[in-house]
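After this come two complexes, each holding chain A, first together with chain B and then together with chain C.
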Partner chain A sequence: MNTKRLVMLAGLGLVVLWIVGCGTGAIVGAMRGTEGFLPQPGVHLPPQAIMGENRGETVSGGFVLTNTMLSSFITTGVLILLFWFGAFRMKVVPGRLQSLLEAIVEGLLGVLEAILGQVRTRQLFPLLATIFLFVMFNAWLGLLPVYQVLGITRYEAVTLSELDKHALEFPVSQENAKLPLADVKELEHLVAERLVVTLEAKFVAEGMTPEAANEKAHEKAMKKAHQAKVSIVNDGHAMTHAVLVEGHRFGEGAEAAVVAAGGKIRKKGAGLSATLLRPAGTDMNMPLALALISFVFVEGLGLMTFRLRYLNQFFPFGRLIRGDVIGFVVGLLEVVSHFVRVISFTFRLWGNMTAGEILLFLISFLASFVAVDLFYGLELLVGAIQALVFMGLTAVFAAMAMAPHEGEPHEGRQAQEPHH
Partner chain B sequence: MDELGIHLPSLVVYLVNFGVLTVALYLVGYKRILRMLDQRTERIKASLDEAERVKQDAAKAQEDMRKQLDESRQGVHQMMEQSRVAAERFREEELAKARVEGEAFLQRARQQIRQERDAAIEELRTGFADLAITAAERVVERSLDRRAHQDLIDQVLRESEQSGTANRS
Partner chain C sequence: MPWWVLALRLTGIGWYIAISMVGGIVAGVFLDCWLGAKPLFTLVGLLLGLAVAFYGTYRLLQPFLADSRPPETKDKQR
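Coming up: the complex of A and B.
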């Protein structure tokens, strides 16, 4: 089979997949009154815990391992391993991996030397290059399909109206009202009770005595009801409350609890309530941490270069004494502008990464196959650009911090060669 | 802040994680790669310098060779000129020598021819006299005084020589 025919077959396959994807997507599904191939994606801004009792819930309180944190650890590990294997035995005539790493390092050196000059670049390279690599690899690794597959599944169990229909004693006074947490606990208890009934009948049918069956059913039901995270959400539009039972995809407890609660599993695996892995850039803590590092780095360089005179640009009391009030206010505004950098750094990266993830989810939801591939390419580009922007801006701010300001001696440039 | 997910313990974890990554990459990656790049740059610079030096040496050697070639060519020209002059001189000498030798040879040949001719004439004259006497004796059938005959013959021959010379001139 020649290449031309192979290309034609591949193209045909792509077209077929695209048509099938559109046909099974949410748009066509909505027109036909059916559900799409993929579940409707849920957007969670804060990261979710993946371990501990609050697994699947957004983080709060003390330390907890989150899906974005795990993702950043994986990125860290991948980068260290990549550089370990690529630079372990450096050769004058490099292999493929060494060539790749050298190309990356040389490329970054080129970019940074244009901003900082050769000497400064060598001094500041480790931190700036790590910012670039960390941001880019976090974004790129987040595009791996495994990131959107592994996770904690939500089972949509039953609506409150159905609970009401089953004559369960549950306080359903206003369907449109958000229920207090106590009601959730009550629902969990209710689920456990229903589970006991189911399990007891099951154990008796298996030949156990009613007493033993009741005891074992209680023990197991309490455990399973606790394992199954029961929550109530208000979608706010459909005028219905949904009882959601969360658990592992194949969690027996969750599934049993749904059945026991009198509901039925409408859609097994109806969307992941929390993915096991999520790009670290979508967790605001990661961009914020990088922004703070960038801020401390830049201001630290300014202070190391000019000592306390660096603060003169922020608090120009000399101008105030000379009667230049505007100059003094401008200095104070400079303080604000430096702190605003932290916010802009944080929201730029977080916004781009989060928007990219949501875009991919939505496109996958609307047209299941192929169509999303274009956006994967776009996200590759966005990841690289954001990494470059973060690193480049930090380098520019660093160069500005080390450049002499008005009235400053030129000692900041002593170790620096002229800019290109 | 909670709705955005800002969480101090997570923030600290990211800060520590980034710090560890920076140090680790510096130790296992950047340091070695930058050193290798520097070494390679030095090596390339040294190679370029060496190549420049070799190029200059080659240019110099080429110049030297060109000069030597010019000198050689000039020497060859001189030698060829000298050879040509020598050959010319030799040719002329040999030609002169050959001419002298030829002249001498010609002279000798002429001399020899003349001698042989004279001898032949003398022999012929002698033979002719005897033959004439014999013929005359037969014609007159009488014996003449040998001396008188000889004088007579010589006279006839002289007259015939003179008449022959007169005819040739």
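Coming up: the complex of A and C.
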């Protein structure tokens, strides 16, 4: 009776939260003309640096620690700790953790044995299980709330394009849309001044002489600042669009310019320009790396099993000599199909993880609290399935690489036999 | 083999088709820019890509086609 009451209370709480969540979400907010409970989510496809001078910015080349890398390190650490504590003192009658791990390992063994057979499963298990566990734990850990809460605040290091999108806002109500002209001029001046400095540095870095760089920077900055002025005069709030472009670091200057123009700087919501942790699957580098590992693994297995004869299915020169040109071209098609695997591996995992992340953002934006829980369940499922698919496909390809020329036309197999 | 292993093997086929076609077209556009024969190589690349996509898909599917012959032919083989 008591538990029944508890369950009912919990259910009631959920329903109340559901209603409140729908009420505070963006859908009802849009109907009533109010803002949603959560800020509009910004989607960053590339990973962001979390250390060094470009903190919070999108990475473009060089080695920097990004949020996705950090989360993949954490995933690795969690897995190592989990298996260390579960297995460092194994008992015949397993404890809780040990039996959980045993269930995982046995389940994986069962799946793989269906594909590879018992002997090969034992040989290849370490890598395949690692792929599975890494992908799955990476996706699942990414669902923990800490992943979207810890982050880098916007004003420590922020790109102009981000300021452009989220942070800076002029008072945009209809009445005060027009700024005093003197302020606008002041703003134009400020913006031009700041732009000259950044542009000049950029041009010099690109290898221009200081004089030429100065001249070009002046020219460009004046143009930009003028555009800014025009758009401010025209619609009162468009400064961010016109000036804060081209990805220059401009944080304080832009702020000063806006303040000088009588604008207000408003932080929206949590104001994270970059989260500290982000599931590594949403960064295309991780799926690509895994795909390449899987590719090298499979081709290496093929080469180890058949030595150089393995390459015969890709470049069947024997057929070419016999005048079978089509057979040779078909061999080249095989090369294509092997490389396509890398791409399909990469995009499948990356697409699923990224779509899941965006889905969660959007649902919690549209209707806060309860509605998103369903999708968390969905994402748990997606994470497990993608991990299974990644591991399973690698296993299938490995099986194909080690099977004697599977998928080849039969006449090809017969024609090759006289050679060896 | 259980059915889901066969299903796994089918998952890459869409990508194979897409990449053959896009690859053919991209190579054709590149050749056109290089040799200045504007629509010719793009079309040739498209056709080649289509042919590769079709034939490659056929070959990827061949094991499954062989497995799903009507039962009477299978009986005859036994």
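Annotations
We take it that the second predicted complex is superposed on the first by the 289 of 420 C-alpha atoms of A that agree within 3 Å, B and C clash if a C-alpha of one lies under 4 Å from a C-alpha of the other, contacts with A are read in each partner's own complex, and residues count from 1 in each chain.
Going forward, contacts are C-beta pairs under 8 Å (C-beta built on N, C-alpha and C of every residue); 3 or more make two chains touch, one makes a residue touch a chain.
Not measured: the values here are computed from a predicted model.
Once the two complexes are overlaid on the shared chain, A:63 sits against chain B while remaining clear of chain C.
In the superposed pair of complexes, A:348 makes contact with chain C only, with no contact to chain B.
When both complexes are overlaid on chain A, the residue A:398 reaches neither chain B nor chain C.
In the superposition on chain A, contact of A:139 is made with neither chain B nor chain C. Which of chain B and chain C touches more residues of chain A: that partner is B.
Contacts of A:102 after superposition: chain B is touched, whereas chain C is not reached.
Using the contact criterion defined above for the overlaid structures, shared-chain residue A:387 touches neither chain B nor chain C, since it reaches no partner. By the touch criterion defined above, A:298 reaches neither chain B nor chain C.
When the shared chain is aligned, chain C comes close enough to touch A:114, but chain B does not.
Shared interface residues of chain A (contacting chain B in one complex, chain C in the other): none.
Considering their complex, residues 2-7, 9-11, 13-15, 17-18, 20-22, 24-26, 28-30, 32-37, 39-40, 43 of chain B touch chain A. Contact residues on chain C toward chain A in their complex (touch as defined above): 1-2, 4-5, 8-9, 11-12, 14-16, 19-20, 23, 52, 55-56, 59-60, 62-63. For chain A in complex with chain C, the residues that touch the partner chain are 114-115, 330, 333, 336-337, 340-341, 343-344, 347-348, 389, 392-393, 396, 406-407, 409. The touching residues of chain A, when paired with chain B in their complex, are 45-47, 58-60, 62-64, 66, 68-69, 72-73, 76, 79-80, 83-84, 86-88, 90, 92, 101-102, 105-106, 109, 122, 125-127, 129-130, 133-134, 280, 283-286, 288-290, 292-293.
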